[in-house]
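One chain, chain A, appears in both complexes that follow, with chain B as partner in the first and chain C in the second.
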Partner chain A sequence: MGIKIKICIGTPCHLMGSQNLIEAVQEFNKKIETDIEVEAVNCLDKCKGAPAVKIDDEVYAPARPKDLIDLIKEQLR
Partner chain B sequence: MPKNVSEVTKLRRRVFSSIAQLAFEDRLAEDIDKLPEQLIPEQGLGYRCCAHKERAIVNHRIKSALGLEANGDAKNLKKLAIQALELEKITGNNIDVLDIACDRCPLDKYRVSDACRNCVDHSCMNVCPKGAIVIVQNRAYIDQNKCIECGLCQRFCSYNAILKMSRPCETACGIEAITANSDRQAKINYDSCVSCGSCVQACPFGAITYKSQILQTIKMIKDEDTIAILAPAFVGQFGAKIKITQIKQGLKELGFKMIKEVALGADIVTIEESQEFLDKVPNKQNYLTTSCCPAFLALIEQEFSELIENISSTVSPMVALAKVLKEDYPDSKVVFIGPCIAKKDEALKNHELDAVLTFEELGSMFVGAGINLANISEDNNCESANDEVATDDGRTFARSGGLIKAVEGAISQIDPSKEFNKIKAQGLEECIKTLRLAKANQYQNSFIEGMGCQGGCVGGPATLMDTKFTTKQVNNFGEQSNIRYSVDNNEAKAFISRFGSHKFHRE
Partner chain C sequence: MFVETSVSRISKYNEELCGDNVEIVETEDSKIIVLSDGLGSGVKANILSTLTTKIASRLLEKGIPLEEVVDTITNTLPVCKERQLAYSTLSILQIFNDGRAYLVEIDNPDSFFIDSKGNISKIETKKRRVGDKEVREARFQLKNNEMIMLISDGVTHAGVGGLLNFGLGWDGIAEHFERIISKYQSSNKFAEELIEVCNAYYCMEPGDDTTTVIAYFREERELTLFSGPPKNIDKDKEVVDKLISKSGKRVIAGGTSAQIVARELDEELEVSLLYHDPEIPPTSRLDGVDLVTEGLLTLNKTVERLKNVSCQEDLPKQRDGATELARLLLESDSINMLIGKKINPAHQSLRLPENMAIRKQIIKRLVDCLKEKGKKVTIEWF
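Up next, the complex of A and B:
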């Protein structure tokens, strides 16, 4: 079972650390066997809650890399 | 720049973006009073005791973001906004402690933790040269009046039960310019401070901040022709996928009339500094130190004044480029954009510069103006990497070792037989060690490159990306130039012959 994650790299999200989210997912991906497909996107239309992430069809606003990994773990369960 | 964007950094950027948005939309004075509530929700952010305290602190953050002194009265934001809009020039110190936000971290350096088992050996007590350790309630206790902070007890405890406490701001400062006063409040000693910005990054309470020039810059780009000059560390700052043409186009959309790379100024500096080395070393002096990094320059001036003669008299790339732009466009304003807070101090001493922004401030301005660089087309009219605007050597000035590479390259083209010993120092602590050796006459025929930040400018306190990543980006960007050596940059040479070498030297 794979998950598709879109991480916004638009300027508002970049300033709020979206590059850290991408790194965190890549690290996590190396550790587990499940395939996570990461895609950098230009905007998820949630600039106020930056950084924005889309997992499957739902948009989230994980403040820290750890919050995103928790979200992914929940999805994998 | 630490790997992860911290929560206090995010808060500072939110404050900056909000100010930028209000300024762009011409409703700063009207709506600034609503900002604290927008930035700090009713339930608070969980940093402090309550939302009220957080909002009181955010008022001071806003005040500093307006370009005003962070401390003092910050209740009436509307009044402060009007005052800031009328501000001609930033005055006073750029970096300051927000007194209200300083958590007054404990001073006691060594403490005994729960891990103490009150063992039979009591090696802590035995090793203590001052008899400062006693047993209280079945546990070792350090009498702080007797403790001389030698750290022996910590080293000898078999349970690692003794902790060393240190204040993050003091640990981060390479020159001991920040200390606690009697009520444990952090205070900066401005006679020693070189504005490197390490403490701004280090404080986990976000209690140290710097004055922003966002508001003054927005006013400038609205009212006058304003030129943006981009420090060589700009490549990759807005993310791995954002191209330099997108950054430059973004600047145009903000309202800047022209965008220039400071790497061109770096080429001018390389030509002048290599000539200076050839002329002065070893005839007049044993070594020459660089002068581009304002923190390194201030360090020599304040702590090693006997070495001043050995500093290169060449101006920094920022000043060199601003000087030629002011000749060609005398009615335009020039704004430097870089990774550095110390440049704000340097600009105050050079009338050619009208403002200095950090990459963080620029990013916040993009957000405030609703500009998303990712949505801008890469193929636009802006100068790209292969356009002959600067050389490889000029572009790699941004990383540690870059100045050595450039000046060595230039000298190899002029006089390959010249003896050229390379000395490199990055971070203030290493700079101090190197300058001590210089003072002890340990260097001959040497070129000393000093950069106040680890990794050079790419590791600056107001960068948006990791140091390693930007170093690679800067190196690649340099390689894309068609010209290798600064001495082969015709535009730089033309400027020097038009205005004369003396224009690019400090008096």
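Up next, the complex of A and C:
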């Protein structure tokens, strides 16, 4: 089953490392043959919980790339 | 139509002050450019040329005839004790908004006419006497993308005492200038590069004050920048309408602002991940808008970029949001800003320095910087 990930690149999210999250997911996508759709978006309206990442319909705040990958792995299980 | 003016100069070797002076005055329907080269060099020359340009530009601005201007200058300049002379050269160029041009030269080298294809020629002038001075005069019509370059004799003499016996001369300068204009776009860069060439021929020790002024007659370039959501959501549509109705380039700086425009225009906003820069967030794409960037960080970086350069050619080669925005701003003459007053509480909790985090402060720094570069800036707050 594929999952949709939206990563916010707004100011607070950028400062909290959203670019690293994007790169981590792209790398992860290359390594494992999964059906992950990644999209960078301008604002998820969760500025206080930066960096904001929406996986399917749920918004998370993974502090490190590893946390995001763990979240994805959990969703894929 | 618009007249872009650029000045570049170097002082005689070991002199702190330049003996050439340039004064640019804007009247309601024209731009007047006055270039003067004072006798000798250093302080004395600087005083003579400053007086000459100031007197000439102010009198011409008030519509005083040339004869009176020349007469006033020759009778007012302080006399040099050693040489018993009060002397400075003078070039005056007045370009009206409809392209009519009036050129007067007194003892300065012939000015350069550059057509829209980059071909250089001399301007045909008529000689007449005003008092004891021989005045070369011309009236002509400029077309879109044509240029006039005024120079002091330090330019045509480039190389004397350095690489050449008799200097580059008018033709030598024209040859170098043709090569320069085929490489760059802004008159600022043209002027800077030409002075660099002269300096090189002087072996970095100029034998005279060397000055060039370029007047570039072209269409005015406008840019509208929308940044920050309006305080009142009811104003969203009005701001977007204003942004879209303006001619020229359109830029949005701010994620929420971009989302407002996308919503109002019913267009898709797409983030483009073309680069990874920890300091500058990615840009986005939106139909009908030339550039969409993040707000706070990008605007701060844009001010930094603008402060470091004088023309777009000197910007770094990378295509990040701040560099692209700085490029568009440098290319524009008239900048309209549509700035929203809504405060993003999340920005306040980032603990950034006040002058970085508050929109009003960033915009003020950006406007100051643009005005310093001769841009016309208007701001509307929402």
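The criterion applied here is as follows: the second predicted complex is superposed on the first by the 77 of 77 C-alpha atoms of A that agree within 3 Å, B and C clash if a C-alpha of one lies under 4 Å from a C-alpha of the other, contacts with A are read in each partner's own complex, and residues count from 1 in each chain.
Here is the rule we go by: a contact is a pair of C-beta atoms (placed from the backbone, for glycine too) under 8 Å apart; a residue touches a chain by one contact, two chains touch by 3 or more.
Quick caveat, the model's predicted, so the values are computed rather than measured.
Asker: A:P65 contacts which: chain B (first), chain C (second), both, neither?
Answerer: It touches chain B, and chain C stays clear.
Asker: On the A-aligned overlay, A:Q19 touches which partner chain: chain B = first, chain C = second, or both, or neither?
Answerer: both
Asker: Based on the superposed arrangement, let me know which partner A:A40 touches: chain B (first), chain C (second), both, or neither?
Answerer: both
Asker: Of the two partner chains, chain B (first) and chain C (second), which one does A:G10 touch, if any: first, second, both, or neither?
Answerer: Both partners, chain B and chain C.
Asker: Have a look at where A:I32 lands relative to chain B and chain C in the superposition and call it first, second, both or neither.
Answerer: Neither partner.
Asker: Under the stated touch criterion, which partner chain does A:L76 make contact with: chain B (first), chain C (second), both, or neither?
Answerer: Neither: A:L76 stays clear of chain B and chain C.
Asker: Intersection of chain A residues contacting chain B with those contacting chain C?
Answerer: Chain A residues touching both partners: 9-12, 14-15, 19, 23, 40, 42-43, 47.
Asker: Using the touch definition from the top, list the residues of chain C that touch chain A in their complex.
Answerer: That would be residues 255-256, 258-259, 269, 271, 273, 276-278, 281-282, 284, 294-297, 344-347, 349-350 of chain C.
Asker: Okay, in this complex, where on chain A does chain B touch?
Answerer: Touching chain B from chain A are residues 9-12, 14-20, 23, 40, 42-43, 47, 63-65.
Asker: Across the complex, what residues on chain A touch chain C?
Answerer: Touch list, chain A to chain C: 9-12, 14-15, 19, 22-23, 39-43, 47-48, 50.
Asker: Could you please specify the touching residues of chain B with respect to chain A in the complex?
Answerer: Per the touch definition, chain B meets chain A at residues 3-5, 7, 10, 13, 17, 238-242, 250, 360, 363-364, 366-367, 371-375, 464-466.
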